[in-house]
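Note that subunit A is present in both complexes that follow, paired respectively with subunit B and with subunit C.
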Partner chain A sequence: MAIVKVDKLAKSVFQGPSLMTGSYPTKDWMEVPAVFKPGNFAYPAKKEKVEYMNSQQGLSFPNAREWWPEDDDWKLPENWKEIIINGLKDRLDKFRSLKIFMDCCVRCGACADKCHFFLGTGDPKNMPVLRAELLRSVYRNDFTLAGKLLGKMAGAREMTVGVLKEWFMYAYQCTECRRCSVFCPYGIDQAEITMMMREMLHLVGVGINWILEPASNSNRTGNHMGLQPHTFKDNVDFLVDDVENLTGVRVEPTFNRKGAEILFITPSADVFAEPGLYTAMGYLILFHAIGLDYTWSTYASEGGNFGLFTNNQTMKKLNAKMYAEAKRLGVKYIIGGECGHMWRVLHQYMDTMNGPADFLEVPKSPITSTVFDNAASTKMIHISEFTADLIKNNKLNIDKSRNDHVYATWHDSCNTSRGMGLLEEPRYILDNVVNNWVDMPENAIREKTFCCGSGTGLNTDEIMEIRMRGGLPRANAVKYVHERYGVNTLGCVCAIDRATLTSLMNYWVPEVTVAGLTELVGNSLVLEGEQRQELDEGLRTLV
Partner chain B sequence: MATIEHNGKSYNVDEDGFLANGMDEWDDNWVDYVKTVEGISELTDEHQKVIDALQEYYKKNGIAPMVRILSKTTGFPLKRIYELFPSGPGKGACKMAGLPKPTGCV
Partner chain C sequence: MGEITVAGKKIALDEDGFLINQDDWNHEVAREIAKQVDIAPLDEEQLEIIEFMRNYYKKFNAFPILNYVCKHVDQPKQCVNNEFINPMKAWKIAGLPKLSGVHFVSVDGKNYLMEDFPG
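Now for the complex of A and B:
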C-alpha cells in the first residue's frame, strides 16, 4: 500500500485526528471544564460529619454545609482562593517532596498509559502527568518566576473555581496506587500529589462522604464501620461459633487483655462483611493452631486509616490509637492483618507521626524465635511475614488438599507491594497452602500490579461505572488466567480489595471469587482435636 | 436535602433514598412506600420479622447487623432474604426498616 507523501503525513500527525478514534481535541486541555453528572462523582461529605470532624481536637474541617457537585455554586468561603493559595504555600514549605515533584517533571509521558483510570476512561486528564499538571499549573502561576512572567506560555494558569472543580474530579479519580511512579524516571510520587490536592480541597470544605463518614466513625468508635466495643466483640464471637461449627474446635480469642504478648489489629470490615469474615476466621484458626498469646482490641479496632485519604492531621490522629493501645495493654509488639492502605501508613508514616514506640520490643516470633529486624523501628509486622516464617520453620500442620476447590491467582495490593515491598511472602504462603495457583502476566503483578480501581475511599456505589472502568486492567489480567488456566479465586491481602474486587469480578469475570490469603491458610490447617465436616468450599461451606 | 412524598406525608432522605433522620421519621407509611419502590407485592410476617430484627439490633448497636447475624436471628438464609427484599438486606431491608446504609471497606 502506498504511503501518503511525507509532508502530508507530517501534517496529519501534527494536526490531524487520532488515527485510532478519528477525532481530535479542538481545545487546549485548560479550556475543557470538568462537568459533573450523576455517576461521575462521589457524594459530598454530609454536613454533620464535617461538623463533627471539625469539632475534634487537632482536626480542621471548615465550611460544613450542604452542597452538590452539579450545582454551579459550591458555596465556597468568600476568600476560598486565598485559602487555597496559602494552603499550597504552606505545603510547599512543609513538604520538600511536593516542591521537588512540582519542579522536576519533564513531561516525558512515561506515566501516561500506566494509570488504570486513564486506560479505563480514556480521559487525558487521567494521565498522571496531566493530573499533576492540574496542580502544577497553579504552582507555576503563583510560585515560579517563569509562570509569573510568561503565564500560559509557561504552562501556568490562575486558580479559579473551574480549576478547583477539576481538582475535585481528578483527585477523586486517582486511587493513589502509585503504579505510574514505578515508571517515572524521576520517581515522582503521584499519590502525594493527589493527597495534597485532597488536603487543599478540604480547606474549603470539599470532600466526599464515603471517606469522611468512615473517618469520623473511626475517630468516634475506633473503627470505620462504627462498631461499638460490644458489637465488635459480638461479631468476633459469632465467627468463633462459625469456626466451631466448621472444624469442631472452639477457639478462644481475648479482647483488651493486659499482659498479652501481641496486639492484633486488622480492618474492621474483616469482622463485619463477606468475604473478609472468612479471612477473620482464618486469623482465629491460625492463632489458635500455634497457641499465640495475643489479644484483639475494641479500641484500636481498625487497621485501615481513611485519614490517609483526607489529610495528614486526620491520618495521624486515627493512627495514634495503635501505639496508645499497645502501650496501655503492655504488649511486646503488634501484628497487623490484611489491609492495603493501612500498611502505607504503618510502614511509611507511623514511626515519625506517632513514634518512637520505645515501649515496644523488636518483633520476635514466639513460635520460631525469628526476629523481624525489618520492623525494628515500627514494632509492627504483617500477618503474611509472620505466617511465611511459621511455614518456613515447619510449625504449621497443613493439608493443601483442603484447598483443592481453589485455583488461585494473586493480586498484589498496591500499598503492600509498592508501599512496603511485600512480594515474596504471599507467594511463598500460596505455594504452601494451595496445590493450584498461577501468577498473572508480568506487567500486571508485583511492583507493576494494577489497582482494584476503587482504592483510597472510592469504593462507593454511586461511581460504579468509573470503578468498573478503572478496574478493567486488573480484571482483564484475571480474565486471562481464568480462561487459560481455569483460575477461580483471586487472592489478596487487603480489605478494600476483598470488597471491591468482588464487585469487579462479578462484573467482568463472574466465575472468579475473591479470598483473603489467611482464609486460604486457615482452611488448610489441620487442628488438634478437630472434627471437621466435609467442607467442599472450605470455610465458606454452609453447614 | 431531598424529600419523598407518600400518601401526603413527606420524608427527608439521603442521596440513595434512605431516611435521613433514620428511625425518628420511620413509620408504617414509610414501609408502605419502600414496599412500592422495591416492587414487593405483599408485606408478610416474614418481612416484618426482618424489619423487627434490624431495628432491634440497631437500637442496641447503632449499626446494621452483619448479614450472617441477620440470618441467624430471623432464621432466613441469605437467599430467602433476597427473595423477600429484591435489592438485598442493605438496600432493601435496611431502607425499609429506616436504618442508614453502612460505609467503609464494604
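Now for the complex of A and C:
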C-alpha cells in the first residue's frame, strides 16, 4: 500500500479535514455513513479460516462466506439483525460491566481528545465517547424505556446495515489501548466496548484476516506463525549459534523438558524475525548467566493470544495451553516474555478462565528467594519483574558501558502499563543496564502512554496510513526526546510494539530504532568464560 | 499477474504473483518470475539464496530467519535484503507459496522489514 510523504501527512493530520468525510462535519453524526475505500479497512477474514475456526470444539464462528467491505451487499445472513440484538442481550445479561458502561456515560467528552486514532484521523467517530455511542444508540433503542419511547431524541437508533458497517469501521480503528479510560471520570473501559462490538460482528461472519489467521495458526500449531515443533527448535538453535558468535559462550536451552523448575513462554515472533530475535537472544543470555533451570515449550510456543481480539471463547481456548503444558511438564511456575496483550490475558483473565492452577507453586526466584506474591494466584510472572529482582539483589554482573551506543527512551506498552501496572520495573532495569536514557513527556508515558497505533491485530499493511496516523502521538513524543537529547533507541516490552514501532519510527523518526528491554539486559551482561568481540551495536552487531 | 509463459508453456501465478503449482518450478521459471518482479538477470548469489529457501521450506514448512539463510549460503548478513531489496521477491522467485503472517513493509521503498503476526 503506497503511503503519502511524511510532511504532507503531518500537515493533513493537524490542518486537514476529517479522513472519513474529506470535510469538516456539518451533519449529525448519525447521518454520516461509513464509507469503505482502499486503505481504510483491514481485509476480511478468509472464508476457509472462518470455517476452520467454526469447526473447532468450543468455538463458534458462523456465517463464513466471501464478502468485501467496499461492496454494498455484505451477504449477511437473513436474520442478521435478530442475531445482533440477541447477541447484545446475551452480553448485557452476562457482563454487568457492559450494562454499566452502556448506562453511565454522561458524554462529558473527557475522553474525546485522548484517543490516538482521533488525534491522528480527526474523525469524530474516533472520539471514544462517540465510538461507544455507535453501540449505545442501539442499546438505547432496544433495551431502555427512554429509547423505546423517545427514539432519536433520546439518542436511540435502530440497528441497520449502515450501523453494522459503522461498527466494523470503528471497532477496527480502536486498539483497545484504554488510554481514554484513564481520563474517564466513570472509568468506562472502552476496550470492553470495542471487544463486544467485535464479538457481535463475528456472530454474523464479519471479522478481519490479520486476526483470524494467527488465531487459527495458534489453535493448530500452538503459535501465531504456525511454526511446527522442529522449526521452532531450529530457530532457537540458530539464535544459540548467534549468541556464541557474539560472546564466545554456548548457551544450552532445553525444550519440552519434564521436571524443569520453570516454563518460559514468549511470543513466537521473538524467535522468528528481527528485532524480536535480539530480545530472544537476551533471554538466552540472561537465563544462562544465572543458571536458570527452565524449559521452552514447542506446544505452548506462543505468549500472544489473538483470541483477545475476537471473542471470549477463542481467548480461553488459546490460553488453555499454558497451564496445560505447565502441568504436563511438572514445572513449579511460569515466566512470561515480552508481550503486551498477552499480559492483559494473563493478568486479568487466565486465572478465572483456565485456573485455578493449584498444581503450580507461588513463583519464587531460585536465585534470590524472592516470593512473587503478586502472582500468588496466576503462578506466572513477567520477565521484567524477575529481572528487576535479580538486579536489586545484585545477582547480575552488568557492564553498562556495553550499551553506550544506546540513548534510550521508554515506551510503556499499553497492556503492561495500564493493564497490569508494570511501570517501575522496566525503568529500574534501564537505570541499571544503560548509562543514557530519558523518559518522554509525562502525558505520553506510564498510565498515559500512547499506543503504537497498530495493536489489537491492526498491524497489517493494507491500513498503513491509518496506522501511521494513529501512531503519530507516540512518534511525536519520541521525536521530542530525539531532538532534545539525541535519543536513538525506543525500548519496550511488547512484540507488537517491536514490529510496528519499527515501521512507525522509520516513517516519522527514522533516526530511532526499537529494542526489547531484555535485548539491552542481555547485551550488558558479563558472562563467565566469555570471549566477547567488539560489539559496537550490541547484539545486533554483524560479526 | 496471473500467468507467465516459459518455453511455450503457460504457468499460472496467483493474484499476488506466487507460483500456484509447485511442480512447475525450474530455473527457467525462476528467471521468468524474476523478470516479473524486476530482478533480472538472476546471478549466482541470488540463485544460492533461492535454492536454499526451497530446501528450507521443504524441511520446515516456514519462512526462514533471513540471517539463517545468509549463514547457510555463506553470504554476508542481510544478504537477502541486499540481493532482492524486498525478501518476498526471493520467496516468489523460489516458487514458494504465500505464507500467512509473513509480509514485508517499507515506508521508503528501500528498506523492507518483516511485519509478522506478533504476540
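Everything below uses one rule, namely that the second predicted complex is superposed on the first by the 519 of 543 C-alpha atoms of A that agree within 3 Å, B and C clash if a C-alpha of one lies under 4 Å from a C-alpha of the other, contacts with A are read in each partner's own complex, and residues count from 1 in each chain.
Keep this in mind: a contact is a pair of C-beta atoms (placed from the backbone, for glycine too) under 8 Å apart; a residue touches a chain by one contact, two chains touch by 3 or more.
What you see is a predicted model, and the numbers here were worked out from it, not measured in a lab.
On the shared subunit subunit A, the superposed partners subunit B and subunit C overlap sterically.
Look at A:G304: by the touch rule set out above, it reaches both subunit B and subunit C. Of the two partner chains, subunit C is the only one that A:M342 touches; subunit B does not reach it.
Contacts of A:N506 after superposition on the shared chain: subunit C is touched, whereas subunit B is not.
Contacts of A:L472 after superposition: neither subunit B nor subunit C is touched.
Applying the stated contact rule after C-alpha superposition, one finds that A:A495 touches each of subunit B and subunit C. Of the two partner chains placed by the overlay, only subunit C lies in contact with A:T266; subunit B stays clear of it. Within the superposed three-chain model, A:I334 lies out of touch with both subunit B and subunit C [touch as defined at top].
Looking at the shared chain after the overlay, A:I3 reaches subunit C, while subunit B stays out of its contact range. Residue contacts after overlaying the shared chain place A:F238 against subunit B and subunit C alike.
In the superposition on chain A, the residues of subunit A contacted by subunit B and by subunit C overlap at 210, 213-214, 217, 224-228, 230-231, 234-235, 238, 242, 267-269, 272-274, 276-277, 304, 306, 339, 459-461, 495-496, 498-499, 542.
By the touch criterion given at the top, residues 1, 14-16, 61-63, 66-69, 72, 77, 102-106 of subunit B touch subunit A in their complex. Residues 43, 46, 66, 209-210, 213-214, 217, 223-228, 230-231, 234-235, 238, 242, 267-269, 271-274, 276-277, 304, 306, 339, 459-462, 495-496, 498-499, 542 of subunit A are the ones that touch subunit B when the two sit in their complex. On the subunit C side of its complex with subunit A, the touching residues are 60-62, 65-68, 71, 76-78, 99-103, 105, 107-108, 111, 113-119.
Those residues of subunit A that touch subunit C in the shared complex are 3, 210, 213-214, 217, 224-228, 230-231, 234-235, 238, 241-242, 266-270, 272-274, 276-277, 302-306, 339, 341-342, 459-461, 464, 468, 495-496, 498-500, 502-503, 506-507, 510, 542.
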